[in-house]
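Labels A, B and C are assigned to the chains in the order they are written; within every chain, residues are numbered from 1.
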Amino acid sequence: MQRKNRLGRVYLVIVFLVLYLPILYLIYFSFSSGSTMNTFKNFTWANYRTLFADTRLIQIVLQTLLLALLSSLIATVVGTMGALGIAASKRTSTRNLMLSLNNVLMVSPDVIIGASFLILFTMLGISLGFGSVLASHIAFSIPIVVLMVLPRIQEMDHALIDAAYDLGASAPQVLNRVILPFITPGIVAGYFMAFTYSLDDFAVTFFVTGNGFATLSVEIYSRARQGISLEINALSALMFVFALLLVLIYFFIQVHQSNRTKRNKQKARNAA
Amino acid sequence: MNTTAKRIYYIPYMLWILLFVIAPVALIVYQSFFNLDHQATIQNYVTYLTSSTYLRMTLNSFWYAFLITLFTVLISYPAALFLNQLKHKDFWLLLIILPTWINLLLKAYAFIGIFAQNGSVNQFLGFIGIGPKQILFTDFSFIFVATYIEIPFMILPIYNAIAEIDPALLTASRDLGATNWQTLIRVILPLTRKGITAGVQAVFIPSLSLFMLTRLIGGNRVITLGTAIEEHFLTTMNWGMGSTIGVVLIIMMFISMALTGEHKRKRKEIDTGATKE
Amino acid sequence: MKKLMSFFIAIVAACLLLTVGIKRLESAQGDSSAKTLNLFNWGDYIDPALIKKFEKETGYQVNYETFDSNEAMLTKIQQGGTSYDLAVPSDYTIEKMKKEHLLLPLDKKQIKGLGNIDPSFMNKSFDPDNRYSIPYFWGTLGIIYNDKFVKADQIQHWRDLWNPEFAHSIMLVDSARDILGFSLVKNGDSMNTRSRAQVTRAKDDLDKLAPNVKAIVADEIKMYMIQNEAKIAVTWSGEASEMLSNNSHLHYVVPTEGSNLWFDNLVIPKTAKHFKAIYAFLNFMLRPENAKQNALYVGYATPNDKAKALLPKDVRNDKQFYPPTDTIGKLQVYEDLGLKTVGMYNDLFLEFKMHRS
């Protein structure tokens, strides 16, 4: 087991290295005084200075984050409810049909989704802007949430639910006390995937945006014709470091909490 | 659970299906029956089914999507397994997701820099005496980068499935004299089937319609259905033909869902759970 | 459950914080929504300092929205939904938009400084008498080569691309009309031909070029050429100027037998609403000092003669980007060929791409 563990560690280190390689490459060049990710010229902070002077870009970043956080939140709620509904349906064929419908948006290329959403919004007379983009992001994030939550629900031991009912719990109580706690990891995973989809999307957002609302992806893609400046690298580096900090903070809170519970248990044991 | 309560929380999801799935699909199907002169016709389907260009493209897409999914599973499964053995595994899992938050175009540009003729990899190859190789615009680089992009989407569901396994089962397996390998094949793998299925669905289907990477990394040496749709919607503005290929993709998705979805024999076990209301 | 709730509450709190931040930034930039101008342009295709200057001078607030292809922009304007006041499409798209009644004619009485534009860039086939559009930037299609690998006299004409010496060393820009176009020019045919026979011949010639082709790419072609990834590339002058300023080994040639001449022009789409702001902006951009500043920032060739005169000598005398008049005379502007013919070009181009894979 010891030997296998070490092998596992080595394997993980390689996976992490590969996953982070292009990002480190981007960050490295954010300090270059050149204008492309080609050869590193001289060390400079200039790209960061340009970035902080660019209020338009900063506003876009904030808008993008707001959109991603909010759309994935709503998508997670709706998707989880949907997954519960799918899991509860009695017939296998209904379940399979629902799952297939669920996956339509995952298989359709972004351009088709974007174009058909645009037609849909104009048909419904919805004006384009933050609202239409939010609705679209919620729409294409729901299927991934369902895919993340559903296996978790299906793994659930039904004896648990039955026991809760036998003990006189009401339906909302069972949902809150038994089902949701059990599927929380799936829900959180779904949230993060939805967040990722939202941050990454270009084509759908482009079609359904309007009235001055822009996201980072749309801005980056439309800058490609003139060449993307290293200012964008600097921005990515900052966003990455910020996200990393959040994850680290989360980590320390977790460690702290588990230490505390351990200590509390110790205390309780000592008291006994 | 009583049925009304069930219906109420189901409503938003059904609304979503109606408005953002069924309505757009209806639009796509409707458009696929129109030609450039706005006449109703089945010409688009005839073109698709008789043109060797489109048929070859379809086969290509399938082959590449299959390879990408295969490599993603092969890399992700051990990673998810080892991640589960770590202390603070949630933290490490977040670190797997983190790279996906950087814009895809930028990551692709970084890969171009890394794989280029004078890029880091070739400098290394030159340094150890192999000499520079053409890496960009090859099947290798395309599949590598596509796999890179998809890995987090595969690790996550598999990780969740492994995390759910009752540790008692593993101990029991070991107590009964199974080797680590036997435990993996006989116990862990079957128990994580749903996780793998979810991962394959999240990776294979989108891989059929990759288009950005085919150009950026594949140099248009790899042409997929996604490339063609992109072109019909944005260059030729032949939305009818683009929609036709879209319909074909959706049908393929339904088929692959039917193949990977749950089968009849599972029915009993789930039904007992669902009917006890 | 508690864990899930605190997770969600943290997200909602973050959303609120972000909303406050966005509102702050918006008010810092000044609002007065009545006096706005919605500009729909390529990303980073105007000097942001000019927008600031315009806002300060006139009090209008500019909403700068971006697109990444003519066709995508066209779809957005067709569907409506946003009141875009000004857009910057390329030549053939202008003709198409005109045919589809998506453009409003310019009120020439309200425009000052139209005389600053070089007359040879006015009154083009896509917009006779410039009823709808004002040239913003212009350029050509040409060949870029790297003097580390290729001598200047080896590559001056389109037919030189077929030289077997250049096996696996040419990059093409992913654009059906441009690539089939140079093959047509090589055969002495028009880049605007509707003849299937001529285009098919051009495509068959391209199939013969396949062994020399390394890749067919788009915007990232700049990055490849700067990194010496390929010896030769076929692309537009706008991209080329960016490459040349980053790699001194690169040179740009416009073959004398002919090539494409393209324009990005300012137009007023039918979705426009803020007409006072529109004409204020057009007049502002026509002023020589502003057009010059923009040309220096973007790096493309300006059609504004008076602005060109203000440019540094090495820029305005650069024959690569401001070619001599007799070469310009041989250049062809794309016409809108209609969906069917464009479809034929694209299908043949797709076949050419598949031929290689």
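In this section, contacts are C-beta pairs under 8 Å (C-beta built on N, C-alpha and C of every residue); 3 or more make two chains touch, one makes a residue touch a chain.
Which protein is which chain? UniProt says B = Spermidine putrescine ABC transporter transmembrane protein; C = Spermidine putrescine-binding periplasmic protein.
Just so you know, these numbers come straight off a predicted model, no measurement behind them.
Enquirer: Looking at every pair of chains, which has the largest contact count?
Expert: Result: the chain pair A-B has the most contacts.
Enquirer: Computing the C-alpha centre of each chain, which chain sits at the greatest distance from chain A?
Expert: Following the centroid criterion, the farthest chain would be C.
Enquirer: Suppose each chain is reduced to the average of its Cα coordinates; what separation in Å results between chain B and chain C?
Expert: Roughly 34 Å, centre to centre.
Enquirer: Centre to centre, by mean C-alpha position, how many angstrom separate chain A and chain B?
Expert: That gives a centre separation of 16 Å.
Enquirer: At least two other chains touched by the same residue of chain A: list those residues.
Expert: Each of 37-38, 115, 119, 220-221, 224 in chain A touches at least two other chains.
Enquirer: Give the residues of chain B that touch two or more other chains, as numbers and ranges in rising order.
Expert: Each of 109, 112-113, 234 in chain B touches at least two other chains.
Enquirer: Can you list the residues of chain C that touch 2 or more other chains?
Expert: Answer for chain C, listing residues that touch two or more other chains: 72, 75, 218, 220, 223, 227.
Enquirer: Contact residues on chain B for chain A in the complex?
Expert: 1-2, 5-6, 9-10, 12-14, 16-17, 19-25, 27-28, 75, 78-79, 81-83, 85-86, 88, 90-92, 94-107, 109-114, 120, 148, 151-153, 156-157, 160-161, 163-164, 180, 194-195, 197-198, 201-202, 205-206, 208-209, 211, 225-226, 229-230, 233-234, 239, 242-243, 246, 249-250, 252-254, 257-258, 261-264, 266-267, 270-276
Enquirer: Taking the complex as given, what residues does chain A use to touch chain C?
Expert: Within the complex, chain A touches chain C at residues 34-38, 54-56, 58-59, 62-63, 65-66, 69-70, 73, 115, 118-119, 121-122, 127-129, 132, 176-177, 180-181, 184, 187-188, 191, 206-207, 209-212, 214, 218-227, 229.
Enquirer: Inside the complex, what are the residues of chain A that reach chain B?
Expert: Checking each residue of chain A against chain B gives 1, 4-5, 8-9, 11-12, 15-16, 18-23, 25-26, 29, 37-38, 77-79, 81-82, 84-85, 87-90, 92, 95-96, 98-109, 111-113, 115-117, 119-120, 135-136, 138-140, 142, 144, 147-148, 150-152, 154-155, 158, 161-162, 165, 171-172, 174-175, 185-186, 189, 192-193, 195-196, 199-200, 202, 216-217, 220-221, 224, 228, 232-233, 236, 239-240, 243-244, 247, 250-251, 254-255.
Enquirer: Flag every residue of chain C that touches chain A in the complex, lowest number first.
Expert: Residue positions touching the partner: 1, 3-4, 7-8, 11-12, 14-15, 18-19, 21-22, 25-26, 28-29, 38, 42-45, 48, 63-68, 72, 75-76, 79-83, 218-220, 222-223, 226-227, 238-239, 242, 245-246, 298-299.
Enquirer: Touching residues of chain C toward chain B in the complex: what are they?
Expert: 69, 71-72, 74-75, 171, 174, 176, 214-218, 220, 223-224, 227-229, 339-340, 342-343, 346-347, 350-351, 353-354, 356-357
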